[in-house]
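Okay, got some structures for you below.
In what follows, chain A forms one complex with chain B and a second complex with chain C.
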Partner chain A sequence: MALYFGDLLPFSSLFLEGLWTAVYITLIAMLAGSAIGVLLYLGKAGARRALRLLCTGYIEVIRNTPLLVQLYLIYFALPAVGINLGPVWAAAIGLTLNNAAYTAEIYRAGFESVPYGLREAGKALGMKPAQIVRYIVILPATRNVFPALTNQLILLFLASSIGSIISLPELTNATMTVSNTTYRTIEALTVGGLLYLAVSAVLALASKRAETTLFRWAVSGHV
Partner chain B sequence: MFRAFGWQDLIPLAKGAWLTIQLCAVSGILGIFFGLILGLARTSPSRIARWISTIYIFCIRGIPILVIIFFIFFGIPLLFPGMELDKFAAAVIALTVFAAAYVAEIVRGSIEAIPKGQSEAAEALGLDYWRKLRYVVLPQAMKIMVPPGVGFLIGLVKDSSLVTVTGFIELTQAGNIVTNLTGDPIKTFLVVAAMYFIICYGISRLGRLYERRTGIHINALKLPEPAGL
Partner chain C sequence: MIFVNDLHKKFGPNHVLKGVNCHIREQEVVCVIGPSGSGKSTFLRCMNGLESITSGSIVINKHTLNDSKTNINLVRQEVGMVFQHFNLFPHLRVIDNVMLAPLRVSRISKEEAHAKAETLLAKVGLAQKMDAYPGNLSGGQMQRVAIARALAMDPKIMLFDEPTSALDPEIVGEVLTVMKDLASEGMTMVVVTHEMGFAREVADRVIFMDQGLIVEEGSPEQIFASPQHERTQGFLSKVL
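The block that comes next holds the complex of A and B.
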């Protein structure tokens, strides 16, 4: 069979709108999710037993069930108890709640990667508690978690495609619409796939760049 | 028209869970096989092999698995007319294509984590490339591959839920069917989620057991993240 991409041209704005939806859903879920993730991490690492169990349980349940099933529960099951969410809200909430559990684990790994002896060294040098938290806990931990967080951003962007199953009009949904209207299935999927590839490559490059400029002060290697 | 969600509905869900396990076992084994080849190619001295595997890994890891599933499921019959793929085979191919790229990254990470001196010592002893891999590098790399491999398997089980778009009746699709019969999405999908949880948590428990036995731990920051959300 001959490939012909010309039929897709009238749909280029549909592709771009889909891409834009995917990008903004990802950004919302990343920002809101990593904020909730901090709270989850603090709860899990905190002193209160009940809160610790609750946060650990939440993280384990989210990380051990598929995002699709979580979205189904939000989109199909919540209306049964009277909460009706459109696909955009359902996808944004689902991706946020999902992302929170993953970022919480990333923060945990990051903070645990800063050895306790370093804090004691800070104390021995006569640093104030606020200085210790700022320079010896938060800054090295941020640098250690940064690659994992940007990686999570890319995974989240790719996972936003799952929103198409609950009819979120994002890139995969647009791709399948074009495929069903033009019968140019392979061409549509190629264009959709290349758009995903381009954005994730740009995200990967940008995060590499950001890493080297943001943490220029850092000594090479993990502390 | 709907009947209430009852014990009899657990049977189709359990059957779906069993198909999910079968699907993941077959595509996991195939994915590990091809991923090992790709990972070795990625670290091999041959430039062509390195290029091919780098491009493959880059493309697959930059495209959502859902798009890959659509591509295999709708694209193969178009590219190879007359080829009849049953849904299980299409699902296995799609998950294998995807899994191989992730396994390859784990293999590469583990091989690169072995200190260079090991490989240099093997060369100094006069071992050729394949003997060096067979007797020096791989036995050490295999051990550190297991923890991220466990994360990969859990990711595979979760990602296999996306095969539902092809209509193959695995656990999530079984949930859709039961929902259509009972009109009770809450109970149905809570049970579905619980079944996924049991499978995934079981795999991660096995991984912890391995970690405790061997003292090898997942380095969450340096090795590739587990695939899938």
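The block that comes next holds the complex of A and C.
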């Protein structure tokens, strides 16, 4: 079987549009999801029992059900209660809600990774709890989970491919369209896969770079 | 200066302090010795509210620690603490470790905090390490920074929780020297330690604790040369 990529050339802009859609849906879901994740973590770690149960419940439900099912529910089940979301909104909301649960757990791991002695040192100096979090805990916590957070970004980007099943015109969707039109299935999948790989590799390298510049103080391992 | 009256501390069913009484005077250097598990660290940690008190009372400079009207953060500003594992803030340079509390708690100006931190770091012999991060220091250097950090709040009392136990033997001396200087300047100090040499040389009074109680206390000469209590004798025969 001879591979021939020439047939794909007329579809290069479709690939790039798909890639761009995947990228911006990922960015929206990462930014919004990280913000909601903070609230979820605060609720889960907070003093109010009802809120704690609610946030814990949310996180566990999301993390223990497939993203595919979550997207189906948002896209196909919500219209039954009168909420009609287009593919872009459905995918953006679905990935955001999903990502929020995972980032909340990453924040928890981060805060728990900071040795309790650092908080005690802050207390012993007469600092208030909010000051201890702001000036003492946040940076080491962020540093300890920075790789997990950037990894989550890459996972999210790859998970955006699931948007194709609710007809979001992202990269996998574009790839399938090209494949169905040209019958060059292997070639189309190869190009689509390489585009995912390229973006993921750039993200991975950039995070590594960011880690070394942002956390220059961390000379070895965990703090 | 510090009055401890019938102090009890329980961790769940574990009765760690079983009625500790003691009075620490201004400018006194008190070393607390005893086997591990005797409650000496817990006793020290109760003195700045890092552990809550189950019953009894601690009064420091007229602040009653377990009184709900007492602002514990004000007491802590008068009581500096140095930990076994230093607990330096890893993301802050040495100078910023020392400046943090003066800036955020005492709210003095940046210039003033900087000048003060510089003076204190010079005092502990680390002026040249101002811009280093804690991760690049040796254990002895880290502990000296931790002492400077505690001193930056101008405490009236300094608590030391086994300050040299995590250090290699050859660098214990540099930390003890700083502590000796501090003692000779008239700082009130309570030191939980296994350094019997330091206790003998620097302490005004040595307290021997075992099983949650002060078993015996007295001048270093008394405690080390002629301990009265059987348990003190047993402990000292093992460590000396």
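Here, the second predicted complex is superposed on the first by the 215 of 223 C-alpha atoms of A that agree within 3 Å, B and C clash if a C-alpha of one lies under 4 Å from a C-alpha of the other, contacts with A are read in each partner's own complex, and residues count from 1 in each chain.
Operating definition for what follows: a contact is a pair of C-beta atoms (placed from the backbone, for glycine too) under 8 Å apart; a residue touches a chain by one contact, two chains touch by 3 or more.
For clarity, every value in this text was computed on a predicted model and none was experimentally measured.
When the two complexes are overlaid on their common chain A, residue A:16 makes contact with neither chain B nor chain C. When the two complexes are overlaid, the chain among chain B and chain C that reaches more residues of chain A is B. Once chain A of one complex is fitted onto chain A of the other, the partner contacts of A:39 are absent, as it touches neither chain B nor chain C. When the two complexes are overlaid on their common chain A, residue A:117 makes contact with chain C while staying clear of chain B.
Of the two partner chains placed by superposition, A:27 touches none, neither chain B nor chain C.
In the superposition on chain A, contact of A:186 is made with chain B only, not with chain C. In the superposition on chain A, A:136 contacts chain C only, with no contact to chain B. By the touch criterion given at the top, residues 115, 117-118, 120-121, 123-128, 131, 135-136, 139-140, 143, 215-220, 223 of chain A touch chain C in their complex.
Only residues 1, 60-61, 63-70, 72-73, 76-77, 80-81, 98-99, 102, 105-106, 109-110, 113, 144-145, 147-148, 151-152, 155-156, 158-159, 161-162, 164-165, 172, 175-176, 179, 185-186, 189, 192-193, 196-197, 200-201, 222 of chain A touch chain B when the two sit together in their complex. Only residues 58-59, 61-67, 70-71, 74-75, 78-79, 81, 154, 157-159, 161-162, 164-165, 172, 175, 179, 184-186, 189-190, 192-193, 196-197, 200-201, 204, 220-222, 225, 228-229 of chain B touch chain A when the two sit together in their complex. By the touch rule above, chain C contacts chain A in their complex via residues 48-50, 73-74, 76-77, 79-81, 83, 85, 87-93, 100-101, 104-105, 133, 135-136, 146, 149-150, 153.
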